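For reference, the structure I am asking about is given below.
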Amino acid sequence: MLVNLSGLKSVGLEHFLIIGAILFSLGIYAVVTRKNAIMVLMGIELILNSANINFIAFSKYSTADLSGHLAAIFVIILAAAEAAIAIAIVLNIYKNFLTINIDEIDNLKR
Amino acid sequence: MSLFDVAFYVLAFITVGSAIVVVSSRNIIYSAFALLFTFFGVAGLYVLLNADFIAVTQVLIYVGGILVLIIFGVMLTTKVFDVPVKTETLHVGPAIVVTGAIMGTLFGVILKTKWFDILNVQWDGTTKKIGERLMTDFLLPFEVASVVLLVALLGAVIIARRERVKS
Amino acid sequence: MNQNTLILLAILALLLPFLGFVLLIFWGRKRLPRQGDVIETGLVLGSLVLSFIIFFNKILYFPNPIEWKFEWVNFGFVENWGEMKITLGILIDNLSATMLVVVTVVSSLVHIFSIGYMKDDVRYSRYFAYLGFFTFSMLGIVLTNNFFTMYVFWELVGVSSYLLIGHWYEKKSASDAAKKAFIVNRVGDFGFFVGIMIIWASLKTFNFGEVFAGIEQGKLSGGLLTAAGILVFCGAIGKSAQFPLHVWLPDAMEGPTPVSALIHAATMVAAGVYLTARTYAMMSADALTFIAYIGAVTAFIAATIAITQTDIKRVLAYSTISQLGYMTMALGSGAYVAGFFHLVTHAAFKAGLFLGSGSVIHAMHHALHKIHDHHTDPQDIRNMGGLKKKMPITYYTFLIYTLAISGIPLTSGFLSKDSILAGAFAFGKLSGHTAIPLIGFFVAGLTAFYMFRLLILTFHGEPKRKDIFEHIHESPKVMVVPLIILAVLSLWFIFGPNPFDASATWVEKYIHKPESVVPHEQQFEFNLPKEGVLVTEYEHALHEAHIPAMLLSLGMAGLGILFAFLTYQWGKISAEKVANALKPVYTFLKNKWYFDELYQNTFVLATLGISKFARWFDIKVIDGIVDGSAHLTKLWSFSVGKFDWNIIDGLVNLLAYITGFFGYITRLLQNGKVQTYIIYVVFAVIVLFYIFLG
Amino acid sequence: MQILGIGILTWIVFLPIVAMIFVLLVPKGRETWIKWISVVATGLQVILAAVLLLNYRYDLAGVNTLEGFQFVEKYRWIDVSGVAWFGRIVIDYFLGVDGLSMPMVVLTALISFIGAIASWELPKTKGYYALYLLLDTGMMGVFVALDFFLFYIFWEVMLLPMYFLIGIWGGPRREYAAIKFFIYTLLGSVLMLLVMIGLYFSTSIIDPVTGEKVHTFNMLAMMDPKNYEPGSIFSGLHTTWRYIAYIALFIGFAIKVPIVPFHTWLPDAHVEAPTPISVILAGVLLKMGTYGMLRISFPIFPDGMIKYALPMAILGFINIVYGALAAMAQEDFKKLIAYSSISHMGYVVLGMAALNTQGVTGAIMQMFNHGTITAMLFLIVGVLYDRAHTRGLYEFGGLANQMPKYFGIVIIAFFAALGLPGLSGFISEAFVFLGAFQTYKWIAIFSATGVIITAGYILWTTQRLFFGQLPERWKNLPDINARELVTLVPLAIIVIFLGVYPSPLINLMNTSVNHLVKFVSEMGQAGMQLGILP
């Protein structure tokens, strides 16, 4: 909402990039703050989406070919795979620790 | 202000608003549902960007696949009925600072940059073209991606499998 | 028979006893028949025969000395020296030929006597081996032509003496005596060796003839020559038991009696006299005076001690010392031939005396053994007496020896002793050293006295211990025969036809006083030939002194014998009363002038003290310094270690602490929570972004 | 002279090392193999020494002339250029023998062989023999090296095994003794090293290979004043630095001899070391000190030698008398023998200080004879100690009847030690005195009193051990056995033979000794006459 409404130019590349940036920041925030592993996962999805928006936006306004689209497709594919694996891991963690709060799983420290 | 602009702002509002809800909601169920709206909003934005195939894919995979998966995860790991499904947060302060910083930075960069060569191409339909390119230039990544998916599938099954031999 | 054959025979005579030694020492005890005594005796007898052949050939057919040399060591050409080499060899002149006979005769007789005397000894074979070794060494001394081998055999004789004195080494006194003999001899040999060093350094040769020639050329003269003479004589002082090194000889009586006869009466101790005779030509007037006085003092001291001794062998030992002093005195006073003559005659009768005493001791020993008395000393004359009846042969031979040593006419001793006294008389008159003839005559009387005292106490009178007396028997033939032979050898006709004229003997005829090679200014003036006069002043005086000396010595001997009979046979004078009247003198003499105590408390204790000090010094001072420096080093390193620990390690530790502190800080960041890390990552990305793009 | 293309001296020096490798390869439980390998190797060394003797030319002098050396082997060993400020370093592998070293080579071979036999019963066989063989190489190397650096290396090679041999196989105070030995010797080595480096930078010769001037460790080059660079530390004759160097070198060697007051390592080391090591120590190692003086100190610093000959003679006298006196006060048999060694090495020092043919000949003969005699003495101590497990002189008596064969051997050794004519000890002592008397009359005379003291303590010991009554506890002591006889009898034969006929030994060294004496006295006096005094 930092868009300057008075001198509003027509919606263009910047606008989409801004949306991407906002989503990215929100995703980071979710990843960093949330204890729940699934919430972290959601944050990651947000980040991936922000990236996709950027790809598509650049594809339309900048490169003028479909490379961005293709990249977005692969991102989506990987996101799907990642989500599946992540959920599996989370379930496993839950099985072992009876929690999915990441801060309690600080085995890295030991 | 054209219709395109109006549509953009509406969709942007939906996307960002729901994303904020995802991030800020304490209840994980709410977050999951808010995420649904975010995905839809993003899909709308894709439409605005003439990316019909991607928009459809977004809806199919994210909404139909990933989100369902996430909700399953929520269901399986949260005692929905006994304990409030509220999730706790940690180091919110540093996170706000850092995310604020990164957002500010990105904004600054985006706004300051002189974006050259604004083409604003209009495609009639991207599906066919995407298909062609997938089968030509991107054949190898495509195949690799399929393998990755297969491995991920198997991996997920193995990881999440319940070990029966446990006493 | 030519010279070479003679040399060959001499070498053979020298080596035969040694061969016996080698055979006996390796195979004697187990392999050889009768433990090899016959072999050794036979070999020595062979030596004896050879000696006689050499002797007669030499004096009859070869007027000149026969010498054989070989190069032993060659150092090549040496700077400031020339051709440096050591030649050794054999010298046969009348002196050595005579001595050869004396040594082999006595040695053979002692060997024979020992077969009886040493019967049943534990180390019978070894005893004979040592005897052979001794004979070999003694013949070596006799035959050598140079100082070097003289010294070599000199020491070897000392060693065989050591081994034989210590033959019964289970007895502490025996091993002590052996040790003492060797060490005291070493002291004398030390002087001898220094003398040899002087000779070698100045004359570059050891050979007697060459040495004398060198002195004649004036290569060695003055004080050094006198010193050389006296130092060489030091060897004689040691070996011939002259004052002040006479202390070992009485102790040496710990050895078996035949050994005492052979080594410590007849031959080895006479070697000193022989050495002096050999080197006579190089003795300067001062050296000769020194020798004469040493001889006189020795003769006197020993004679006085002999009067008081009660051990039969010790009396004989002191008598030996005294007689050796006599000979030395004779040589010193210029009566060269007389001195050597006395050596020869003394060898026979003193060996006889010892063997006779051996016969007595043997008998006493067996008697004591029969009555199971192991405490009584078989050698103590106070336990004897009256043995004449039981041991007639021993007695009569002993009587002849005693007469001989006392210088009674018809014996060999009369001839030689008379000559000595005449020489001393002449010397005293000419040189002004009147003490020498005075002592000479006085000692002649003393000798007669103590010898007859010994004879009377042993053989005459009533037996003091009847129980022992019962079991006394005459010794076996193998012991008696040597006694008879020696008794015959102690009579005048062996030496010359006239029992009153020494100058008619073959000794006087064939042994001549060597020409002195000493520069004239270092000789006695009366010994120098005068122009127009055929005989020297000394010879003249000697001739004149003959009759008075003879009468005087006879008188002294007669007096001595008379007193002996008065005191011990007829009891007219009580020995005890005299002893009590002269108590301090008696004690002094009885204790042998306290020489042993003196040496013990000075030299021996001092040496031991110094050696203890050396040991202490080593352990405390030198090792103290070494260990001290080690401790210092340790202390230093310890303090360095402290420094290390506190300062350097302190710094290091500080550094480590700081590192640790930072590590702690960092560790706080590292909390194991993924999300924290993500914050860091993002933060870092931002920072990097601003760094690179800002 | 070569065997299989390798010089005979290399063979004789490195044969033990080869044997050592074999010893190390021997599997466990085969201790007998080790012993036989060592004995055979040292035996071969003796044979090689005999071959050397047979091919030895008696007319060549050596000392300071390369042509005079025999069986010379000279190869470039180290040649490094541009080493910091050293420049080019050239070190030769340079071996050779002359009359000074030949007796020592023979002695070393002999004593090592006998020591190897005498070591038969020691525990921890493998380590022992490996070190022993290494020691052997070190000793042999010292006596044949003609390059100072090589000499130094061998000198140090000898040190380390000795340390372990004493420190591991020694008696109750072995650590103390080993460390004392090591530090003492190391001190000497350091002094030697300093002088060596000084000499290295002072001398330079034309390198035959490249033709350029290089510094050298060649001893022969160091003996020629022409090779000294003008202005270098040791150039000229009779300079203060040369005197200092001579004294430093002298102390370095004196520690090994040992000369009083640097001698206290010796009694400890000897007493604590096992028998064969004592034998080696006294038989060979002590000679390295005096050999070093003859080989290095004298010809390289003739000026210093001449200047300090008198103090050296006095030290020799002190050694003789002091050693003998200290020996007399000992109660431990082995310690007594150790002190007698000090006393006997004094004769060597005195003879060398005399610097004339007889004195130096006597000194070298004494080195050889003392080597054999003292080896006998230590073996004798070992025989008794092995049986009785004590060495206290006061505890024995009457052994002459109990151990007659032993007594016979002991008597030979003892009388040889006290200088009885007819045994080798006398000949060398007599020559030393005869030589010394020509130069220093009074010192020779005073030193000769040592002979009396020696007789005193030797006879006293004989009496203590062999005479008197046999104590009850030694009633079962067995007599000397065959193996011990094998070690002792050859030595006894040598002692007697050289006592009667020393010419073979004298002829061996004579040419060299005469040359050495002439060279040193002329060189030393030349500087004096020229007035190059500081």
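We call the chains A, B, C and D, going by the order they appear; numbering starts again at 1 in every chain.
Please note the rule applied: contacts are C-beta pairs under 8 Å (C-beta built on N, C-alpha and C of every residue); 3 or more make two chains touch, one makes a residue touch a chain.
Chain-to-protein mapping (UniProt): A = NADH-quinone oxidoreductase subunit K; B = NADH-quinone oxidoreductase subunit J; C = NADH dehydrogenase subunit L; D = NADH dehydrogenase subunit M.
Just so we're clear, the structure is a prediction, and the values are computed from it rather than from any experiment.
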item: Most central chain, judged by mean C-alpha position against the global CA mean; value: D
item: Rounded Å distance between chain C (NADH dehydrogenase subunit L) and chain D (NADH dehydrogenase subunit M), as computed from the means of their C-alpha atoms; value: 35
item: CA centroid of chain B to CA centroid of chain C (NADH dehydrogenase subunit L), Å; value: 127
item: Separation of chain B from chain D (NADH dehydrogenase subunit M), taking each centre as the mean of its C-alpha atoms, in whole Å; value: 95
item: Distance between the centres, which are taken as Cα means, of chain D (NADH dehydrogenase subunit M) and chain A, whole angstrom; value: 90
item: Where chain C (NADH dehydrogenase subunit L) touches two or more other chains, by residue; value: 673, 675, 679, 682
item: Chain A residues counted as touching two or more neighbouring chains; value: 28, 32-33, 103
item: Where chain B touches two or more other chains at once, by residue number; value: 90-91, 94-95, 98-99, 102
item: Every chain pair meeting the contact rule; value: A-B, A-C, B-C, C-D
item: Chain C (NADH dehydrogenase subunit L) - residues contacting chain D (NADH dehydrogenase subunit M), complex; value: 25, 72-81, 84, 122, 148, 151-156, 159, 162, 166, 169-170, 172, 174-176, 178-179, 182-183, 186-187, 190, 193-194, 196-198, 200-201, 607-608, 610-612, 614-615, 618, 622-623, 626, 630
item: Residues on chain A engaged by chain C (NADH dehydrogenase subunit L) in the complex (per definition of touch); value: 28, 31-33, 40, 102-103, 106-110
item: Touching residues (chain side chain C (NADH dehydrogenase subunit L), partner chain A) in the complex; value: 670-675, 678-679, 682
item: Residues of chain C (NADH dehydrogenase subunit L) defined as touching chain B within the complex; value: 673, 675-676, 679, 682-683, 685-686, 689-690
item: Partner chain C (NADH dehydrogenase subunit L), residues of chain B touching it in the complex; value: 90-91, 94-95, 98-99, 101-102, 105
